[in-house]
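Lettered A, B and C in written order, each chain numbered from 1.
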Amino acid sequence: MITRTTRRALALAVAAGTALAMGTACTATKQAGASGPTDGPVKLGLVTKTDSNPYFVSMRSAAEQEASAKGATVIAKAGKEDGDNDSQVKAVEDLIAAGVRAIMITPSDTKAIVPVLKKAQQKNILVIALDTQTDGNQGVDATFATDNTQAGVLQGQYVKAALGQKQPRVALLDLQPGVTVGDQRHNGFLKGIGLADSAREISGRGDTNGDQGKGQTAMENLLQRDSGINAVYTINEPAAIGAFTAIKNAGKADGVVIGSIDGGCTGVQAVKEGQIAATVMQFPGKMARLGVAASVEFAKSGAKPQVPTTGYIDTGVQLVTDKPLGGLDAKDTAWGAQNCWGKK
Amino acid sequence: MTPILQARGIVKRYGHVTAIDGADFDLEAGEVLAVVGDNGAGKSSLINVLSGAVLPDAGEVLLAGSPVHFKSPHDARLAGIETVYQDLAVAPAMDIASNLYLGREIRRPGWRGKVLRQLDIRAMRQRAQKQLDELGITTLQSITQSVENLSGGQRQSVAVARAAAFGSKVVIMDEPTAALGVRESAQVLELIGTIRDRGIPVVLISHNMPHVFQIADRIHIHRLGKRAAVVSPREHTMNDVVAIMTGATELAA
Amino acid sequence: MDTAFRNPAIGPLAALLLAVAVFTVTTDTFMSVDNVSLILQQSVVIGTLALGQTLIILTRGIDLANGAIMVLGALVVAQLATGAGVPQGIALLAGFAVCGGLGLLAGGAVSRLSLPPFIVTLGFLTVLQAASRLHTRETVLVEEGPLTFLAQGGYLFGQFQVTVGVALVLITVAVLHFALTRTSWGRHVYAVGNDAKAAMRCGINVNRVLLSVYLLAGLLYALAAWQAFGRSPATSPNAFPTANLDTITAVVIGGTSLFGGRGGVIGSYLGALIVLVLQSGLTQAGIDPLYQQIATGILVILAVALDQFTRRSTR
């Protein structure tokens, strides 16, 4: 009978497919030399928001380099999209089961991730947050992160200096409401430029999700509303590059100061080309290296990193521009290209 | 004797097109009535009215002498009129027994049927097998074969068996031999004869004149949305019928 | 027996056992009571969502909005229970009402208006994601109580941890399997997926079957929301962004045909487990998780190819 044959074929082929996939995977193990009995090198886990964003890619490769220099291995996992808490929870659970000594994580949902991190702590695993603090620092032993408010302040101060005597007419290109990082940078910027959220000098604001295309659309709409905009706050460099495209298409490339935050290599390049006036660099690689160092130390001695009263260990920010202004400490784009993250 | 199924002055229009233009129809007890007609003569529309798939604009349908108003094929089925459609209306991935009882499954007796609404799969299989045996259908090896694994003729047998099992008054068949080979056609024609012999009249829509002449007791010839004539295959030749169909000859209806 | 509900569970079961065997041999940590228990716990949300997806796919539909429906339901529940101070049990019932109502609405559009399920649920996805974000932009935490009841559990055979959530997902699979294979309703679901016109001609009320399927799927999504609270007592509009594709993956790997009318819920649940076993096993082996995606992708294509092959060879 045909159906019985096909049923068997189905079973066999699915099995073969799995075997094939496993085969690939196992070959990969041998190449990486990562799998091994528990008495091998110290195993560390890294869970990022996604595995596609260059920011997290550079974090991951820095962690892997630092780990191999210190004789440890890193199992790297990621959510599928920003905000995908479920995948991060599963990743942490799988890492616990795999017997890691420490877990470094950039939490997508700073509240919802807490219970599983506490579970890890109960198993005597060191939990380190990178880049983003959890809600009230719960469930983590230490956080290595950018001072996002300070990053915003620097952007605001620079934009203010660049405008000089001109009356500011500012467009704000935000992340999306309700996300802490976005609020911190936004508020820092307003502090740095010396304006209130309700000030008349604020022409309008738009959400970009940190995306270049959405940044362009948002800027186009804001320019429709007020063609006299002369300064733009951006949440990150992709949004800034999108904003620049909109401004250039509107024929106003020379009259508008765009500030940004991130320090990605594409962003530094955009500063060099004059698309972005200045950007504030953050250091994901440093976060990862410090995280790995603390993890390895914990595995050896059981010592946990000291956390200052701010609640996190500041990995620093650096203003990058080729036109230093207003006495702000700035590095040029040559330095920026050396120290940026992502594809150099 | 009152005809089992009658239609009087049926009219059906689709926009400007009049598909049925005051057609009459009579099916006598215990007969095989063939309905023939050129493409576009309105056979399908007439059959759709009789099987409840289409509501007529005017005219009435009478079952055993009393007027009936079918709003859906389901109504017609409840009244004992079963239709075997040209595309058979079977679920290919389901087995023969399931298809025979599709839409009128049998539940288990007792609490399992009442509370859990559990089906009595065994009873359905047994009865389906019995039904096939009674109709002399021997070409199906197992009642648990999926319909998609059957040949065209075997599928036709399933659809016919289903109609025969539940068609207590009338069975309507739309082109049952159109897609079949010689041997399979013969089996289906034999099956039609079996149903008639069990006392259920059959309406057979067909283009195939030899088949019509082989099995039909009377031939209803449809032309231009009306009944042009009813003839007996014993008194008329195929050429006569074709002549009436195409309008070359006229005969009092 | 019918091909409609026959074969599906065997292929995926073989794949699952093979994957388990491979990881048992290649890693020290995969095959432990704790890890097996963990994988079962990880399966409850996508596993439950996949059951609703299976019902819809069996009727030749597809649901792109299941994650969005669940998330909106979860947000309503969480906000009622925390912000409005409604007892958790009542809030949960409200969640079932919201998700069931949305299911009915989608089912109405598919059946009464004869709109393609892909388009209807794509529209639902877009609207509901925005609605969720209008509702709240924050992560809402819920207190312990009926909402987190499914996280409770006990030990079987001394050390095998089973949560109420895991037991519930297994029961749900069993009940749905019974309903699909042993009741008229189930047969009508398959018949509609096989050939809706034929089903109608057999006296099946196709619209009512479709409505019932979308309604039931909606209720299953509410159940999934409850399961999600059992996994993690928090929800946000950004949660489960890829639930629609994850469930379609599980359903397809589980052997249910995207063309409707054949397959079943057991296969879908096994499909969900296979993905999790690959995730877990590759983590234990210290292999890049991207290989899990590659393996999953290969399985999806294989499963669809086999389905096509089965359908062609029997036509």
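Here is the rule we use: contacts are C-beta pairs under 8 Å (C-beta built on N, C-alpha and C of every residue); 3 or more make two chains touch, one makes a residue touch a chain.
Because the structure is a prediction, the values reported are computed rather than measured.
The interface with the largest number of contacting C-beta pairs joins chains A-C. Chain centres here are C-alpha means, and the one lying farthest from subunit C is B. The most central chain, judged by the distance from its Cα centroid to the centroid of all protein Cα atoms shown, is C. Between subunit A and subunit C, the centres computed from C-alpha atoms are 31 Å apart. A straight line joining the Cα centres of subunit A and subunit B is 70 Å long.
One finds 43 Å separating the Cα centroids of subunit B and subunit C. Shared interface positions of subunit B, i.e. residues touching 2 or more other chains, are given as 146, 149. Looking at subunit A, residues 2-3 sit in touch with two or more other chains.
Shared interface positions of subunit C, defined as residues touching 2 or more other chains, are 3, 314.
Contact residues of subunit C toward subunit B in the complex are 1-4, 178, 182-185, 187-188, 190-191, 194-195, 197-204, 261-262, 314-315. Subunit C makes touch with subunit A in their complex at residues 3, 6-7, 10-15, 18-19, 22, 26-30, 32, 34-35, 38, 42, 45, 136-139, 141, 228, 231-242, 253, 255, 274, 276, 278-280, 282-291, 294-295, 298-299, 302-303, 306, 309-310, 313-314. In the complex of the two chains, the subunit A residues touching subunit C come out as 2-3, 6-7, 9-15, 17-22, 24-26, 28-29, 32, 34-38, 43, 51, 73, 75-78, 80-86, 89-91, 93-95, 97-99, 108-112, 114-116, 135, 176-179.
Contact residues of subunit B toward subunit C in the complex are 73-74, 77, 83, 85, 87-95, 98, 102-105, 107, 116-119, 121, 144, 146, 148-149.
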